[in-house]
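Naming follows writing order (A, B, C and D), and every chain is counted from residue 1.
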């Protein structure tokens, strides 16, 4: 089968201006730090970023914001990165805030072929603005629609050459759902092993979801 | 942390029962874990994907792959486990968290909660707060009674609502208040205050419990 | 904390006439065979069973059907057990057929606090009968509602004393979603180990979902 | 298995590309895996929770925890993995299965499929068939051309529909037919038949491809 292991340079040819990119990680734990650095270095611009948060200044996907490469971010929390708030206030960055659990379900729905999910979270709040509601058995729900991306960039603790991914401890977070919901899936591996060398019971993302594997430069 | 905050954390610790699955918000709520009685063992949920959170490790034992939802390095108890965000919020939304201890900007007499946004100021985003406030079986609010003297417990929220009709218990340095269909029930007051003072610092009317108790959790 | 390990006799006190019971397993692989046998022996009746299938004659949950303990079954497939079809034709057993993926999502929705999910599966077919449909972006979806039970009976390969469950290979199937969607969750363990003795990265069902653990009598 | 069925399996094997994620229905479709070209390696999905299914093991190597969706003991390839039913059907419904090879009771000229129920006879239930027919990127139907002489490829289904407008390719022992917006396109016929015979055994009108080919996959 196709060899999925490529260099960072090769994979950067696929990441181009205007792309919608899902970035795995939670406050940069489980984030593809090498790929993020390469995007900053290449200066890929007009990006739409989908990510749990925008990290803290100087770390992970906050660098994309700081370099003004992002035109829109769909996220649950920006409080840890004042630069995101600043650009939002200035009007140069469109920030769409979504409850964290709804964000996970919207991405999962896209990957799992669902037309949406009904959630009680956010009913009657600003998070309901512009969203359809439905009453089921006397309770009101928001219809949250599927959320897809052009590209998902992920980080795996151990990745085999077929693309099967094991995520250690809290590095999982949004990585597994994002792997299912993008046209192109790139994983940055801390460690690469031979196909089949991860216990099949410990594989969290099946290799069929992964298009490219790069070796991480980062040990953080 | 101020003495007031420690008082609040200590009082909330008494609300937790052995085996409870508990989510502690960032800041003041996190303190609660430090003051549990010896015979109470709780399972701490962190929304980034842990059940069984334990204290911060020694620097030499820090694991880069193991943080809580505040981004702080933690350790885990025996029997802990890890999962992804969709499962983590399934646990929250599905009612499998017994108690969520959350901070608040405002709470009103109907149990409505405002915790995620002050218009015109920095907008942090709701993170997991809306899911927790909507999904946890019991919401305990941990908050200073006032914001520099102006009441936070109101007739009606003036800030954007985070979740509607969800707060069950409010614990401040001055009082323990239950949200009931009849209104706010004042169940306990701190040893160093009076019913009159608590009411004067609270916009919403308080129903004084016939069984009113005093609490003193100072060290 | 509470000791969750009980005897089969103790747990059978909780399983009573008229209960709605989710039964883990796929053609009985991953099914709680000892608990099923005990239900037959006790003769608990008027049951509603929720399970992927009704197995094959003489094995697993087919024994509940054969003993005429079941008044209704919600399942995706009964073709491997002619007795189920026979009782349905005779009118003594109410069979509600649901597409397998929808069954998994309905149970997951109940466990995850969703009001339902929108699925394209079954649109325009008999599976859509009595169900609300909704159009999102020119595509029609069925609204599948959450499905809960009074009791879930599961099988785990390794269970620790806190109730954390590891399922080996294809024994997972419906067990993990069912663990989240019942008032009372009982797991039959092939092997019981000390709390914490399962790698936390390999736990599939967190112990908080499990009420009781019994030791399996079955080695199949 | 009859020679006809082997012919169908061999012809379908030629449709699969290296790296394809493929779900093979129980019975005839399962045979397809036996006839893949040497340079084609596919990833077989089984809806009970496997990617990377391999052949039945020797009796001595049977693992009670490892079966396919038909309940048969199987082995797995290097790089296989296991998951639960909600993830398995997320893979199916989400379009991550490149090809599903399914049996059929009837197919009609609009690509509608009937595969799960004959009214008045035993009702097996749809199992995963509706999800597969709805979700897989490409549906190939593996079927005998007729049911004891009466056509299975119809103008309109007479049996209950399993999924609407989903079938892309129909492979029988007589023909390879593509479902197109214009109608059924006859692309190949078996070496031992004629266009006239194929049409006489098919209720729906066939558009004969200007590029009509003959296939002969007999051993």
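One rule holds in what follows: a residue touches a chain if its C-beta (ideal position, glycine included) is under 8 Å from a C-beta of that chain, and two chains touch if they have at least 3 such contacts.
It should be emphasised that the depicted structure is a prediction, and the values quoted were computed from it without experimental measurement.
Participant: Rounded to a whole Å, what is the gap between the Cα centroids of subunit A and subunit B?
Facilitator: For subunit A versus subunit B, the centre distance works out to 29 Å.
Participant: From the mean C-alpha coordinate of subunit B to that of subunit D, what's the distance rounded to whole Å?
Facilitator: A distance of 55 Å separates the two centres.
Participant: Taking each chain's centre as its mean C-alpha position, how far apart are subunit B and subunit C in Å?
Facilitator: Those two chain centres are 35 Å apart.
Participant: Where in subunit B do residues touch two or more other chains at once?
Facilitator: Touching at least two other chains: 82-83, 89-90, 92-93, 135.
Participant: Please list all residues of subunit A that touch 2 or more other chains.
Facilitator: Within subunit A, the residues that touch at least two other chains are 105, 108, 113-114, 119-120, 168-169, 200-201.
Participant: When you draw the chains as points and link the ones that touch, which shape shows up: line, ring, star, complete, or other?
Facilitator: other
Participant: Among all the chains shown, which pairs meet the touch rule set out at the top?
Facilitator: A-B, A-C, A-D, B-C, C-D
Participant: Which of the residues in subunit A end up touching subunit B in this complex?
Facilitator: Interface residues on the subunit A side: 26-27, 29-30, 52-53, 56, 75-80, 82, 85, 88, 95, 97, 99-105, 107-108, 119-127, 157, 167-177, 204, 220.
Participant: Mind pulling up the subunit D residues that touch subunit C in the complex?
Facilitator: Counting only subunit D, the residues touching subunit C are 46-50, 63-69, 71, 82-86, 88-90, 92-93, 117, 122-131, 134-135, 160-164.
Participant: In the complex, go through subunit A and note every residue touching subunit D.
Facilitator: On the subunit A side, the touching residues are 1-2, 108, 110-114, 160, 162, 164, 180, 194-196, 200-201, 203, 206-209.
Participant: Going by the contact rule set out above, which residues of subunit A touch subunit C in the complex?
Facilitator: 105, 109, 113-120, 134, 136, 139, 141, 143, 145, 166, 168-169, 200-202
Participant: What part of subunit B is in contact with subunit C in the complex they form?
Facilitator: 18-19, 21, 41, 43, 51-52, 76-83, 89-96, 135
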